[in-house]
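Look at the two complexes coming up: chain A is in both, with chain B in one and chain C in the other.
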Partner chain A sequence: MNNYQLGLIMNSCISVIGVVGVFIITSLAGMFSLGQAAFMTISAYFTFILAKTLGLPILLTAVMGIAASALCAYIIAVPTLKLRKDYFALITMGFGEMMSSIVIMLEKYTNGSIGYSRIPKVKPVFWIIIGLTAFVIFFAWSLKRSRFGRMCIALKTDETAAKSFGVDVYRLKIRIFVIGSCISALAGILYGLKNRVITPDGFSWNLSAEMQIFLFFGGTNSLTGAAIAGFMLKLIPETLRTVKLFGVSLQEFRTVIYCILILLVINFRPNGMLGEKEFSIRTLAGLFRRKEARNGK
Partner chain B sequence: MENSRLVLRCNDICMDFGGVKAVDHFSMAVSPSTTTGLIGPNGAGKTTIFNVFSRIYRQTSGSLELDGVNVDNRGQVEVARMGLTRTFQNIRLFSGLSVLDNVKVSLDHSAGYNMLDAVLHLPSRQREERRIGQRALDTLKLLKLDQYAQSHATSLPYGLQRRVEIARALVTEPKVLLLDEPAAGLNPEEVFQLVDFLKQIRELYPQLALLVIEHRMDLIMSLCDCLYVQNFGRTIAQGKPAQVQCDPVVLAAYLGEE
Partner chain C sequence: MWLQLSINGICLGAVYALIAVGFAIVFSVLKFSNFAHGGMISACAFMGYFFQASFKKAPPIWVTILFTAFCGVLFALFLDQIAYRSIRRNKSPNIYYFLASLTISIIITSILNVFFSKNPLAYPPLFETTTFSIGALKISKMDTMILIISAALLAALLLLINKTKIGLAIRAVAISPETSKLMGINSSMILIMIFSIAGFLSGVSGVLLGCKYGVYPDLGQTMMVKGFIASVIGGLGSLGGAIAAAFLLGLLEMFWTYVFGSLSTPVMTFVVMLLFLFIRPQGISGKFAKEKV
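Our next item is the complex of A and B:
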């Protein structure tokens, strides 16, 4: 594989990590966050500026960057999660916009909208990204299948009922939001490591919305669907770069293509491509059996 | 009856909604091992009383004690963990989960492992998961629902969903169980099964204090030791079912003046 193809895979993996972060927040606990890119911004800028100015190893500053994102997520969550769901979406969206503006305002440190590019080279970045993607998926899968996952799905369906069975809804939501934001933060750092430059535009509202779209496309309650959608929907527009329509690269129509896809999904599969299905040996066996039964007819 | 034996007790509870008195000076004392019925016409404030008991609402005035502890300032979660569980008038099962997982949710707050254990699959996670899984399954077996354990909770017939909801509330072995119109929406056959089911529960959980809101008099009469009749937020009669049944005030409220 050449560098370009490796780059595509890395981009898609970073997208998967971002989508899994959103999955934890939106699919598990039902909090519709439209500002996850903000946590990517915080961690990425924090990590790389600290690494440069203080000369600390990137591993250490990355941990600090994620911690900074977690702290911000906590501060946002404590008052906001007392509000109704729709206000939560509005406030996270506002927070996302706020972060982009702050980055531009702090031009002295962040280099404003030109982008911060003094990012050290890390090797082997490809395997780091692949490894962390696998880890994050495993993390989310474990969380979903634990008591926390069950309580989250319960509170997502019916908060009052969940409370009546001893689920501390407010506290659990805060924890889930912080964890999901940490994963987004990780995606932000990896994005910086891969591209060697971070700009406020790269972490704009578009990215937050894009991650929600991917998640929705993959399946409202399916980690498998979220991961596959995060990977494929990032990859496909890139491969369309060379395809031209009316003399313009199809990639320029990315947003239009996403919109069409979403409309199709809403119409024909309102729960996303995979709905609530998860990949497992049992599902595979089930598929196989069904095929056999059909052939038997 | 001495005070210490009371598992639930409320004194002069009032609940106003902007001038409308939904509950007006309601008092009640419930001891363990009893079944108490709460009846009355629509809008009499029965569900509001349950919502105050389970702390979905905070009462405007009056005090509430659960197992000898004042719970006026406790929230829904705390009261649930202290041993007061309930079902809802319109079934509120968790639709994304299987029957077994629905029951497990009740136990989840008490499972002794944290997020780190969960994510790293440490032994404490496996042990606790096995424990609550077993306990949930035992309860389902006891209530003869184990054959549906893996089904999607909301895909079951209505009567079964009702029973799963009761199982979910019973798995923690609560002190008080509030049943809000358990027979609502059931056909006569299912009501019949429900009465049997509740009688079984009475035997299986001898210590449990059961509170039932119901419209079906046959169900109330065959189950309850004691009845409270509500009308427009006030208690108009209380006592043994047979006694209440002949009370002229109750008849007037239920059937209209003759």
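Our next item is the complex of A and C:
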């Protein structure tokens, strides 16, 4: 594979990590966050600026960057999650807008809207990204199956019922939001490592929205669906770069196509492409067995 | 100087109020945040622009506003058909409303971006001189026009909601769609009504914003955030609160920009909103939109 193809795969993997972060917040706990790109911004700028100015190893500053994102998530979550869900979506969106203007405001450190490009080179970046993607997916998968994840799903299905069964809804929501934001923060750092430049435009509101769209396309309740959608929807438009429509490259219509897909999903398949299905050895075996049984007849 | 700033702030507040109300009215009935409002404003600004550009001699501004408002109504109903209808039919959870309105907002903005992002457009200047002065005060004619139009619209809307039978029906549906259906109110008609009002408001504000700031695809998006903040501060779903908060926000923003510069303004508005949620989560209006079991 040449560098271009490797780059495409890396981009798609980063998108998968971002979508998994959103998956944890939206699918497990039913909160609609529109500010995940802001956490990517915080961690990416924090990591690379600290690494440059203080000369610390990037692994250490990455941890600090993720911690900073988590702290911001916590500060937002405390007043907001007491209120009804709508506030949460609006506040996270406002937070995203604020973050990009802070980046421009602190031009001295962040280099404003031109973008920050003094990012150290990390050697096997491809394998780091692949490995972390696998780790994040595994993490989300085990989170979903854990006691914690089941509590979250109870909370999502019916908040009042969950409360009456003794789930501390408020604290659970805060925790899940912080965890999801940490994963988004990781995606931000990897984005910086891969592209070697971070701009406030790259982490705009559209990115947050794009991740939600991927998630809902793949299936709100299916981690498999979300991950596949995150990977494929990022990859396919890039490969169709040369196709033209109305004299404009299809790449530019990317967002429009995403949106049309989502409208179709909303209208005809409200649970997303995969619905509730998850990939596992057992379902594969089940499919196989059913086929065999049919053939046996 | 302070008087001048206050006047500018009130004019800015009028713009925000128009957006916040269009957003709050959908929230008050359907209980979801209509992100599509921003996209609609952008789309209406472009419609108004092309309507005006299609004539050799530009028609008076009120014709454009009326035409665009009418288009906005049709557009809103069309969006309701393609996006929200099946959600209502399936009784899907609220999160799908979020998703649908978000999608619409993005689709409009990105279609406009594909075709018109290269060159920003502007309405032809409306007045020969841009300002008039009372004593030492300089007042922009544009702002005065916006203030008058938006005050008139807001007054009409509040009258409609609070004094007429239709308004009573709207308020009833806002409290409980099921019960009001039992009381003989045609709920789906009221929903259509709500979307038409929101479309009308987005049409008017699209043209006015286009006149004030120029026509570009992200116009609605940037302004909508202010509308959101105003309606959160005012208390989600309360029209009066949203209007009051919008004027407050306009004034605050003017003063802040004068003292500290415009770069930090978004940060200030966000922090104000967060503080407000800490101290008074029910918003200015005090009507706390609580989720019921």
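Methods note: the second predicted complex is superposed on the first by the 288 of 297 C-alpha atoms of A that agree within 3 Å, B and C clash if a C-alpha of one lies under 4 Å from a C-alpha of the other, contacts with A are read in each partner's own complex, and residues count from 1 in each chain.
Operating definition for what follows: a residue touches a chain if its C-beta (ideal position, glycine included) is under 8 Å from a C-beta of that chain, and two chains touch if they have at least 3 such contacts.
Remember, predicted model here, so these are calculated numbers, not experimental data.
Contact with chain C, but none with chain B, is seen for A:Phe95 once the two complexes are overlaid on the shared chain.
In the superposition on chain A, A:Gly7 makes contact with neither chain B nor chain C. Set against each other, chain B and chain C touch different numbers of residues in chain A, with C touching more. In the superposition on chain A, contact of A:Phe148 is made with chain B only, not with chain C.
Of the two partner chains placed around the shared chain by superposition, neither chain B nor chain C is touched by A:Gly112.
In the superposition on chain A, contact of A:Ile262 is made with chain C only, not with chain B. Touch criterion met: A:Thr160 reaches chain B and chain C at once. When the two structures are aligned on the shared chain, A:Tyr87 is found in touch with chain C, with no touch to chain B.
In the superposition on chain A, A:Asn221 makes contact with chain B only, not with chain C. Comparing which residues of chain A touch chain B with which touch chain C, the overlap comprises 160.
On chain A, the positions that touch chain C within their shared complex are 26, 30, 32, 34, 76, 79-80, 82-87, 89-91, 93-95, 97-98, 101-102, 104-105, 159-160, 205-206, 209, 212-213, 216, 220, 248, 252-253, 255-256, 258-260, 262-263, 266-268, 270.
Listing the residues of chain A that touch chain B in their complex gives 139, 142-143, 146-148, 150-151, 153-154, 156-158, 160-169, 175, 179, 221, 276. Residue ranges on chain B touching chain A, taken from their complex, read 54, 56, 75-77, 80-81, 85-86, 88, 92, 94-97, 101-102, 104-106, 108-111, 113, 115, 118-121, 125, 128-129, 132, 168-169, 172. Interface residues of chain C, counted against chain A in their complex, comprise 27, 31-33, 82-83, 86-87, 90, 92-96, 98-100, 102-104, 106-107, 110-111, 114-115, 221, 225, 228-229, 232, 236, 263-267, 269-270, 273-274, 277-278, 281, 289-291, 293.
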